[in-house]
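Same chain, two partners: chain A is paired with chain B first, then with chain C.
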Partner chain A sequence: MLEAINLSKSYGGHMAVSDLNLSVATGDIYCLLGANGAGKTTTINLFMGFINPTAGQVKVNGLDVASESNETKKHLAYIPENLMLYPNLTGIENLDFFCGLAGKSYDKEQLEEMLIDCGLQPEFIHTWVSQYSKGMRQKVGIALARAREASVLLLDEPTSGLDPKASNEFSELLLSMKEKGVATLMATHDLFRAKETGTHIGIMKQGELVHSLEADAITVLELEEFYLDTMTIAKPQES
Partner chain B sequence: MIRRIMLKEFKENLRQGRFRVSLLIVSLLLLIAAWLSFSYFNSIQQQHAEAKENARNIWVSQDEKNPHSAAHYGTYAFKPKYPLSLIDHGVDKYSGISIFLEAHKRNESQFMAAADQTGLSRFGDLTPDFILLFIIPLLIILTGYNAFTRERELGTWQLLRSQGLPVWKLALGKWGGVFLPIFLLTAGLFIIAAVLLGNLQDFGQFNLAALLLMFVVYLVYYAIFVNLTLIVSAISRHSGISLVSLLLVWIVVCLAMPKASSNLADAAFPYPSRQAFASAIDEDKKLGLDGHNPWNQAAKEFERETLEKYGVDSLHKLPFNFDGYRMQKGEEHEAEVYFKHYALLKETHQQQTKVYQAATVLSPFLPTRFLSMALARTDYRTHWDFADAAEKYRLKMQEALNMDFAENSSYGNWAYRADKSLWKNIPDFSYTPPSYGTVLQRNSGNLVALAVWMFVSFFGLRYFTGKI
Partner chain C sequence: MKTPNSSRYHFRYEFISLLRQRWLQFLGFTLLLLVVFSLYNGKQKVDLRMGTINEAIATVKEKDSLGVILLDSIEAGHTVSVPRWYMPNKPNVMGYNYPRVAAMPADNMAMIATGQSDIYSHYVKPTMYGESFELNFTELSNPVQLMFGSFDLSFVLIYLLPLIVIAFAYNILSQEREQGILSLVASHPISLYNWLLQKAFLRYIILAGILIVLLLVTLPSVGVSLFADIGKTSTLLLLTLGYLLFWFLLAFLINLRGKSSANNAVTLIAWWIALVLLLPSSINQTANSLFPVPSRARLVNELRVVNVEAEKKADELLASFLRDHPELAGHEGGSQGWKEYFASQDLIRKEIQPVLDEYEVSLQRQQAWVDNLRFISPALLLQGALNEVSGTSTKHYKNYRQQVSDFSIAWRDFFMPLVFRGEDFTKAMMADLPGFTYQPPAGNSTSTANMIAIMVYCGLLLGGGLVWSRKRSSRALMPA
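Moving on to the complex of A and B:
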């Protein structure tokens, strides 16, 4: 479970995230929408503990990220927009290495099976990652998240730049993890994907979470209209 | 976990062409250097044994002659070549290999290998110590300069951090990944050295513990370089900046500091010129007894004291040949003069050593170099120890010859001929170098300097990686 309580992050005078309150329960997929610079990636980075909040608190499965950064990471799996792996290692070697760092140990057959389950073509399993496409690297990332048996998944625009087929496969993998009770927070620009895979949708604007919706309560067209309206209307200025 | 990171780093390095080519070149250089050094060692060892045997044969096969003539005829003391000089040639090339032992004079060592070489030798020789001290640190830099910067440049740093891994564990793993190939390379060289030295005919002097100790000294030196490399990589923004910074560190540590400290030591505590040294000795010699000059003031005074001591009024009435006795007393006076002036040289050396010791704060190269030479017994201290032993032997030899002359002939009988057996009765020169315990005690400052570098650089690594 993920919680942001009155969370703020500022850089100099600029508020990247402002008074954010958010909760992602077990089995939920919370999709954060917003324009570039809205604060989506900053929010993910705060949950990851890569940066410290200016105010407020971030919790992962009840643990405070700021004070127990390494401990909370044991519950998390993270896939950035452009997942980079070690180019001189094969996909299976990368997976084995990162699993090992997370304290998980699998034999070769199990690792191969995980990669294949995540959609990586078998002929690429033992190929150096330098020859992988972005989509293939993202699949290794998902395999890693599954192998780590993480209860929380943080995704920062994971389908950006993927072709529709790969993007669809990625969504299916997310849904399969949802079935296993994984709480997912995903920053994305893809409204369609957010509606199809998300259980909740949040819209961020200038560091604030301006709307939070149930995905089932809205159609894709309504979401698009709502999103565009939100982006167009100027943020109310405090008097 | 640390082992896993270390093996990953090692595997990644092995898959990089740059690393493989560098490792291959350094390995080949090491093998060539070891082979050249071994051939040189064998040839010198053989020459040394032949020269030593010849010098002894020439000495013992002298005809009957006046002992003082034999003292002037003289013989040689040869400096032994020690097995570990196969790895570190030290100052052997410049310190000479033998000392001519004769009456009245303490000679400098001669037959320096450097004197036999052409001007091209200024470029330096390909020796194992050159590769161990200069080239392997470069290999460390080449292997580890991008250990942290590459993670940032590739974009793998965040994924790594997201695994909940403490950074110091990651740093230790990376440390192992850089150190492992260096350890294997160095271990390979020392195993080859052990095998070669173990198969030498003159195996008596070889000490495996000393070889292992030298191996450990080099490993500590490399550990320090790995620490420095990872610290610079951790604080640099880009791999290029890290590489340039580390090359600057290498230049300062391995090239600039040793040369600067040498110049500084020379400027602060200069040795006298050879001419000034010789003339100062001559001046002091003149102030005392000259065994060959019965008319000098000190000789006349000594004559008067001897006559008084034995209660006789003529040198002819003494129970020994006063010429031989005076010769011995003259030798003792000259020995004191030499002792005084060489002690001054040693004092200057001590003061220069203090400058070098101070410079170890800025360069781990210096303590490593000194320890390596000391363990190989190719340093100046060992050379001086040998020169002192040769001088002691010369004085004993002169005493035996002078006393034979004094006790077996009468005053004024310069026609006296000693029996050939006298030459054989004077034992051959043999030199036992200081024990390794003494060597380590003498180099305790260097050991401490290396240990401090090791701990401070490890602490620095922990500190700076914690700041990433």
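Moving on to the complex of A and C:
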């Protein structure tokens, strides 16, 4: 489970995230929408412990990220917008290496099976990652998240730049992880994907979470209209 | 499912990655080339040195054989058809024309570091009169200037090895950050500091392993007997490992700042310039400025003046000399000219001694200055230590000079009574002629002290890194 409690992050005078309160329960997929610079990536980075909050608290499965960074990482898996792997190792070697860093060990057959389950073509399993497309690298990332048996998944625009087929495969993998009870927080620009895979949708604007919706309660078209309205209307000034 | 040790995975895949990037092949080939070429160069110098010494010894032996034949003939009452100045029965002729070779043979490990060997003589033939050995042995230019001139193994280790370390380790953290891999690495439950230290350590082990294997294979091929001098071999290997560790730890610390690869490379090169080039040359310059050595021209001039003065009062000098050496007085035979000459030489030695002392004191001050300041640069520490291991240090040459000086006095003192007593040199005396065998100075205090100092440097860098890593969060290593 993920929790952000009165979370703020400022850089100098600029509030990247402002008083954010957010909760992602087990088996939920929370999709964060927002324009560039809205604070989505900063929120993910705060959950990952890559940056310290200016105020508030971030919790992963009840553990405070700021004070128990390494402990919380045992529960987390992370896939950034452009997942980069070691280019001169093969897909299976990268998977084995990162599993090792996470304290997990699998034999070769298990690793191959995981990669194939995540949609990587068998002929690429033993190919250097330098020859992988972005979609193939993302699949290795999903395989890693599964292999780590993480209960929390943090995704930063994971389908950005993927073709529709690869995006669809990615969504299916997310849903399969949802079925296993993984709590997912995903920053994305893809409204359609957010509606299709998400259980909850949050819209961020200038560091604030201005709306939080149940995904089932809205259609894609309504979401698009709502999103565009939110982006167009000036943020109300505090009195 | 097993719970593995993440370090094992890190080492394994880092090694595979380096292998596939051709780093190991590059390091192996480059180091092989450098080590073989530098040892070959060192061997050439040693061979040249030993060649000239052996040639001089052969010449002396040849002359001795001729001298023995002549002595046999003279002692048998035959007339010999050689000029007067080749007659070995005259002690002044024997003392001048039939000298011994006072040689400093190359050490077992001399090819490692040229050290001072390219500025000092390796053999002399002290004679009863003629050249002033003090002049020959007093190095009038600062040896530090010539300290770093040869492409020998010490040059490779001191100058080039740090550059290889810099190329190998300047981006051990920044590369991952710039490739975008670091965020994935940092999402795992590991300490980025430990992870970075492991990377640096693995690279250190690889480079050290290649270097040690190369040295152990190539040194015997140039005539170094590893087991005959196991102490020196171990010292050489430990010094190399210590110096290598220093540069890796420095690279580790520079990487810890979390800057870009370009910034790390420039910073490390700046450190290399400072520690390997600027500090040694600054020490040299300050040694010259603070403790200037009087000019050779002045010494030669003073020597001439003293010579002229001595010739003018040759009679008085002889009387004075005989007063100082009563054991040589009262003998009628012998050449008056030679007696006056030796008496004047005694005065000349006394007269020029203050000037020589002035040189000696200045040189000693320079060397003391350089010695004391060597601790500010690991490069100087390694150079000093390698020179000692190779038997080419200033200490070795000072020691050799003293031995030659003692021998030249013994040589002169052997013949002087014969000259003053007007006695002939005989074949029977050949066996009693003073001989010279070089005794290298005992101990390896410099290399031990320098090795400890290099390890202290390593300890400071490692300690500094640990303190820094505790004070700063791992987040400081992450991309902004």
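Just so it is clear, the second predicted complex is superposed on the first by the 239 of 239 C-alpha atoms of A that agree within 3 Å, B and C clash if a C-alpha of one lies under 4 Å from a C-alpha of the other, contacts with A are read in each partner's own complex, and residues count from 1 in each chain.
Here, a residue touches a chain if its C-beta (ideal position, glycine included) is under 8 Å from a C-beta of that chain, and two chains touch if they have at least 3 such contacts.
Because the structure is a prediction, the values reported are computed rather than measured.
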Checklist entry - After superposition on the shared chain, which partner residues are touched by A:89: those of chain B (first), chain C (second), both, or neither? => result both
Next on the checklist: Quick check on the superposed pair: does A:50 touch chain B, chain C, both, or neither? Answer first, second, both or neither.
Outcome noted: both
Checklist entry - Which partner does A:226 reach: the first (chain B), the second (chain C), both, or neither? => result neither
Checklist entry - Is A:192 in contact with chain B, with chain C, with both, or with neither (first, second, both, neither)? => result neither
Checklist entry - First (chain B), second (chain C), both or neither: which does A:76 touch? => result both
Item to check | Between chain B and chain C, more extensive residue contact with chain A | outcome: C
Item to check | Which of chain B and chain C A:97 touches, first, second, both or neither | outcome: both
Item to check | Residues of chain A contacting chain B in one complex and chain C in the other | outcome: 48, 50, 69-71, 73-74, 76-78, 80, 82-89, 93, 97-98, 100-103, 141
Checklist outcome for this item: Residue positions on chain C within touch of chain A in the complex are 1-4, 6, 8-10, 12-13, 16-17, 20-21, 179-181, 183-191, 473-475, 478
Next on the checklist: Could you list, by residue number, the parts of chain A that touch chain C in their complex?
Outcome noted: 48-52, 69-71, 73-74, 76-78, 80, 82-89, 93, 96-106, 128, 141, 154
Checklist entry - Touching chain A in the complex: which residues of chain B? => result 1, 4-5, 8, 11-12, 15-16, 154-156, 158-166
Item to check | Of chain A, residues touching chain B in the complex | outcome: 48, 50, 69-74, 76-78, 80, 82-89, 93, 97-98, 100-103, 141
